[in-house]
Amino acid sequence: TSQEKNIEETASKEETVSQQNTQAEENNAEELLEGTVAMSGSTTVLPVAQAIADAFSAVEPEITVNVQGGGSSTGIKDAEAGNVDIGMSSRELKEEEKTWGLTEYVLAYDGIAVVVHPSNPISDLDIDTVNKIFRGEIKNWSEIGGSDAPIVVLGREAGSGTRSAFEEIVGLLDKTDDGKEVSGMVADALTFDSNGALKTSVTTQENAIGYLSLGYLDETIKAVTIEGVEATVENVKSGTYKISRPLLLVTKGEVSKEAQSFLDFALGEEGQKIVSEKYIPAK
Amino acid sequence: MILPNLIHKVETHRLEIPKKLQHTKIIEKIVEKFFFLCAFVSVSSVIMITFFIFIKGSPAIFKIGILDFIFGTQWNPEGEIFGLMPMILGSLCATAGAILIGVPIGVLTAVFIAELAPEWLVRLVKPAVELLAGIPSVIYGFFGLIVIVPLIAKKLGGPGNSLLAVCIILGIMILPTIISISETSIRTVPKEYKEGALALGASHIKTIFTVIIPAAKSGITAGIVLGIGRAIGETMAVILISGNAAIIPKSVLKPIRTLTANIALEMGYAYGLAQEALFATGVILFIFIMILNIILNVITHRAGE
Amino acid sequence: MIWAAAFITVGVVAWILLYVVINGIGKINWDFLTTAPQGFGGGGIYPMIIATCYIVILTLLIAPPIGICSAIYLVEYAKSGKIVRVIRFATESLSGIPSIVFGLFGYLFFVTQLEWKYSLLSGAMTLSIMVLPTMIRTTEEALKSVPVSYREGSLGLGASKLRTIMKVVLPCALPGILSAVILSIGRIVGETAAVYFTVGFAPRMARSIMDSSRTLSVHMYVLTKEGDFANAFATATVLIIIVLTMNFIANLIGKKLNKSRI
Amino acid sequence: MNHSKFSISNLNLYYGDFQALKNIDMEIPEKEITAFIGPSGCGKSTFLKTLNRMNDLVERVKITGQIKLDGQDIINDIDVIQLRKRVGMVFQRPNPFPMSIYDNIAYGPRTHGIKKKAILDEIVEKSLQAAAIWDEVKDRLKKNALGLSGGQQQRLCIARALAVEPEVLLMDEPTSALDPISTLKIEDLAVTLKKNYTIIIVTHNMQQAARISDRTAFFLLGEMIEFDKTEKVFSNPKDKKTEDYITGRFG
Amino acid sequence: MNHSKFSISNLNLYYGDFQALKNIDMEIPEKEITAFIGPSGCGKSTFLKTLNRMNDLVERVKITGQIKLDGQDIINDIDVIQLRKRVGMVFQRPNPFPMSIYDNIAYGPRTHGIKKKAILDEIVEKSLQAAAIWDEVKDRLKKNALGLSGGQQQRLCIARALAVEPEVLLMDEPTSALDPISTLKIEDLAVTLKKNYTIIIVTHNMQQAARISDRTAFFLLGEMIEFDKTEKVFSNPKDKKTEDYITGRFG
């Protein structure tokens, strides 16, 4: 089928690329590298990857790093198809994706905060309540001690890593009769295709509730505590904040020298320092 | 006199012409063929587009099952459940709403421009309509998101991102199409009809509604059908304001997801069956548009008769 | 009631334009226009301006020549037979296809099938097909508006058909064609959906036409989505100014045209 | 001469800066046929339209002078809708509305507030009979009027004008788009109608003017050169220009 | 009668199913003016256009029969471009190209391969002189031709036709859009030109036909009813229909 063909094609291309690379290596071992590194995927990873890329350009000015969003599934698929050098994901690979022969690098760990409008009096929820709200079983803020207003549930699009991780941790995944896993999220949840878009909507909707990566938190929205635990880097690190997941970079087969150089930088000291500003570094 | 002199001159040139003629004739033929090839680019484009969309999209429809795909009410790519009904209804409701808002305003504005407005006002209104057509759709989306959506949330409650917001923005977006086509068709109503009615003592307004608009009916309908096409096809503006929830809309204040938004939202990462299902969504959209095209064709042909 | 409708129409235009421009104009300055974006959103829009220019130029290299030749064929050569009906139907269908479908097709054909990846070229090809019907239609109108008497005059003098078209018909139709081209520039600049899936949205300077980049309207879309409204206003203002200018120029040409006809 | 239906004095009409009618004085008698002749562009249609104020539609028209219908000033004393009801018009090209024959005729009466079907039916029949077309269309009153031949359409338009019971009928080259046979029918009709109506007809065809009109006015470049009994104008014109035109020296 | 320039035999012309010309036989003499008259739609223009194959432009035209120009069959023996060069045409509405006066005249010669400025200059001057308009435009040859008055434009079009040195000049109602004075100028010009050219003129104006033509053909509903010396046709027509038309009984 076409997908298999795709894989074969990418594989053979990869070979020629790596041959060329080895040659290049022999010829100018000492010189600065030149070229492009393309990345796409998780909008959670996007800002930090961009920050790392900016820092990286100071070290390797001749390498252009193109970072695009699209959601975790995009990144994983693009990496697999060879559309980009490095994919970004904010969730673990799924079973199916694991069979694609991708290499994963953990860039950081991240928590997912449950967020509401700053004016919302609610400030703590337990996982069960969160589950019920997102399932649509609790429909009005007054049911949990808030003002008498219908709850507006915001969620992410199907390919989002944040969404998969969130649904899994909060228990929003149901098995259908024929064994398919489906989301139990309330159907009329407003759907956004990036962290930023969702965040914007929370800032303008007094009755909204949604979920966001820690990296996106700031004073324009309010993150509620989960069973008394605040969504902070420290609490995620210590394991007391429950809703957390890894942020991954994924590659396929042998990577270009430029991409490798970027990976090394991101996972190395300098990169991790940037990561630690908002997330928990992997090392 | 002058003329024999002239004839003499032209006579000398006459000798060369036949050779040149052969030459030009061949060039003419070649150029005509070239023009024809260019004209055929559109045809091959349509064929290719149809071909690709259908090749990529129809397998999924059969894998999922035509009925399940079209009448299913749940869309859950992760669980491999692909029911398109919410999106089909979303698109239809949004379009219907846009028509409800856009057509009266559009047709009346066209009447205004073509019949009532003094010259100086026409010079103001017409460019405004042209501008409306020129504004990129993403700006409509932006405007809708920061003005219309909060307004609805505040005045009518609900999330604001809603069917109503989409209808309003699409209603505005189809205005220029409806206005300009209606205006042209009103203007092409023979002056004689108007004179005839006026000469019988009918007032201007009465003439407009009893003679001119009925006579321009087919043109106006064509404008409306084109407007429907534009409304059904709009993507980016809709994504920004519709809320994108894949549910069957039960009230105008509920979020919706349209066929186009469905494609655009998930195109980036879908793979396998999920991706094919998006192309299949494209197929359905395509079929809608083709039906509209055919309707349009029938209308304009009838008008031509 | 009729006055009210017209008033609503004008009011809506004024509202949208003024709202956007008033909020956006303050942020536009030299830096905004000539620097790259910071991070992944805000900052300047230089690369987007360049990408937009690339797309416009590439598309104009492809679509107008084909469109004009098609229109010449349809107006001057085609006998109203089956072929013409097929071509007419094709252009009409093409103009009815929503841009998202063009995007899908561009993605399937140029990006994947031809392996041009997300690139300016993929985008320009897709947009070329997209603006083709408008090009053809408006050029046809322009050609048709050239009085038959000019053609008769030329043919009556023994000029060949091609010569008649090139020397008499096309020069007369030129202003009309030109305003068609300018109007399609507006369309190209404003297009989002089709570009999003063919050019991608990398917020970087394109180095060649095979690079992915981000046009102004895609940038606008991303900014809006991410809630960076300040920059969105400014970018929207730039877009509106471009579109206004295009409309203005097209109108100007149209006026010239009318004058020369009298 | 009959009592004068229209009294025009010192009429000037300008389209913007262009003066299309110059200083026209004229008395048009009741229940006669008055023909206007003159070369193209001389202002015949303009003058005709002024008589039921159809020129109001045109922008930048300026009119000075006076037109009286039965002694009432048509600009100041009569409402334009009333005026047009009293002064009907038939145009150069037949212009039936794109609706049924019946609805065409009923359009005018309905406009003036007649709703009852029985009355409308009667008006439709009478008008069609008066316009000598009843027999040809009585079996297809519900059919679209555009299906009629040119000559029938023109008689239909006359019937439509008669249906609002006007006093005057203005006709602007009513036969110029018609074949000889239809032309004769319309001419006969005009002669019949003058028993009850005042008829003013613009024509390019001098023979037509000679055949049917009682009086003829000759216009040239916006001026009325001559106005007199038709026999007089054709056999013994006062003005050299009239003679030149009638004998075909120009135009 | 002069040698015959055009010999038409058994000509039929169909627009689709509609037969616009019926069985026409005719010999058109050289260096005379032949006028075609007849009511609107009778096929005058159609016939005229057939003579230089301008009908080729129209779709679904079918022609049977034969037309010979100096003995050569214009359909089979003469290339259409050559034919049109030899048989020039002037249209009802003046149709100068929207370019300078000079370029208008030079257009034809250039088309036929004359490039040299000196020769072109000479042709332009001579053609304009032949069309009696040289004095009026000689100082503004580079100005746009659309700035000329209607009558001047029509003479310019005649000059343009003359510039390719035709043998025949077809004129389709060349004065119907013009004022009386311009009309007279064109008529005088036609009379002058017949010394060197064969002229065929369609006209609605019977006086015009009578004034300038040597022969007149009367058409009705696609048939040629009568063709004879002009004096004959006007003073003593053979056919009743011709008489009816000339005396204005219809049309």
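By letter and in written order, the chains are A, B, C, D and E; residue numbering begins at 1 in each of them.
Everything below uses one rule, namely that a contact is a pair of C-beta atoms (placed from the backbone, for glycine too) under 8 Å apart; a residue touches a chain by one contact, two chains touch by 3 or more.
Computed from a prediction, not measured in an experiment: that's the story for all the values here.
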Shared interface partners, meaning chains that touch chain A and chain D: B
Steps needed, at minimum, to go from chain B to chain D via contacts: 1
Pair joined by the larger number of C-beta contacts - B-C, A-B: B-C
Centre-of-Cα separation between chain E and chain B, whole angstrom: 48
Chain centre separation in whole Å, for chain C relative to chain A (CA means): 36
Approximate Å spacing (C-alpha centroids) for the pair chain C, chain D: 52
Multi-partner residues of chain A (at least 2 other chains): 192-193, 201
Junction residues of chain E, two or more chains touched: 81-82, 112, 164
Interface hub residues of chain B, defined as touching at least two other chains: none
Residue ranges of chain B touching chain D (in the complex, touch as defined): 119, 190, 192-203, 206, 210-211, 214-215
Residue ranges of chain E touching chain D (in the complex, touch as defined): 39, 180, 183-184, 205-208, 210, 247-251
Of all residues in chain C, those that touch chain B in their complex: 1-6, 8-10, 12-14, 16-17, 19-20, 65-67, 69-70, 72-74, 76-78, 86-87, 89-94, 96-105, 107-109, 113, 129, 132-133, 136, 160-162, 183, 186, 189-193, 196-197, 217, 220-221, 224-225, 229, 232, 236, 239-240, 243-244, 246-247, 251
Of all residues in chain C, those that touch chain A in their complex: 39-41, 117-118, 200-202, 204, 207, 212, 225-228
For the chain C and chain E complex, residues of the former touching the latter: 79-80, 147, 149-160, 163, 167-168, 171-172, 260
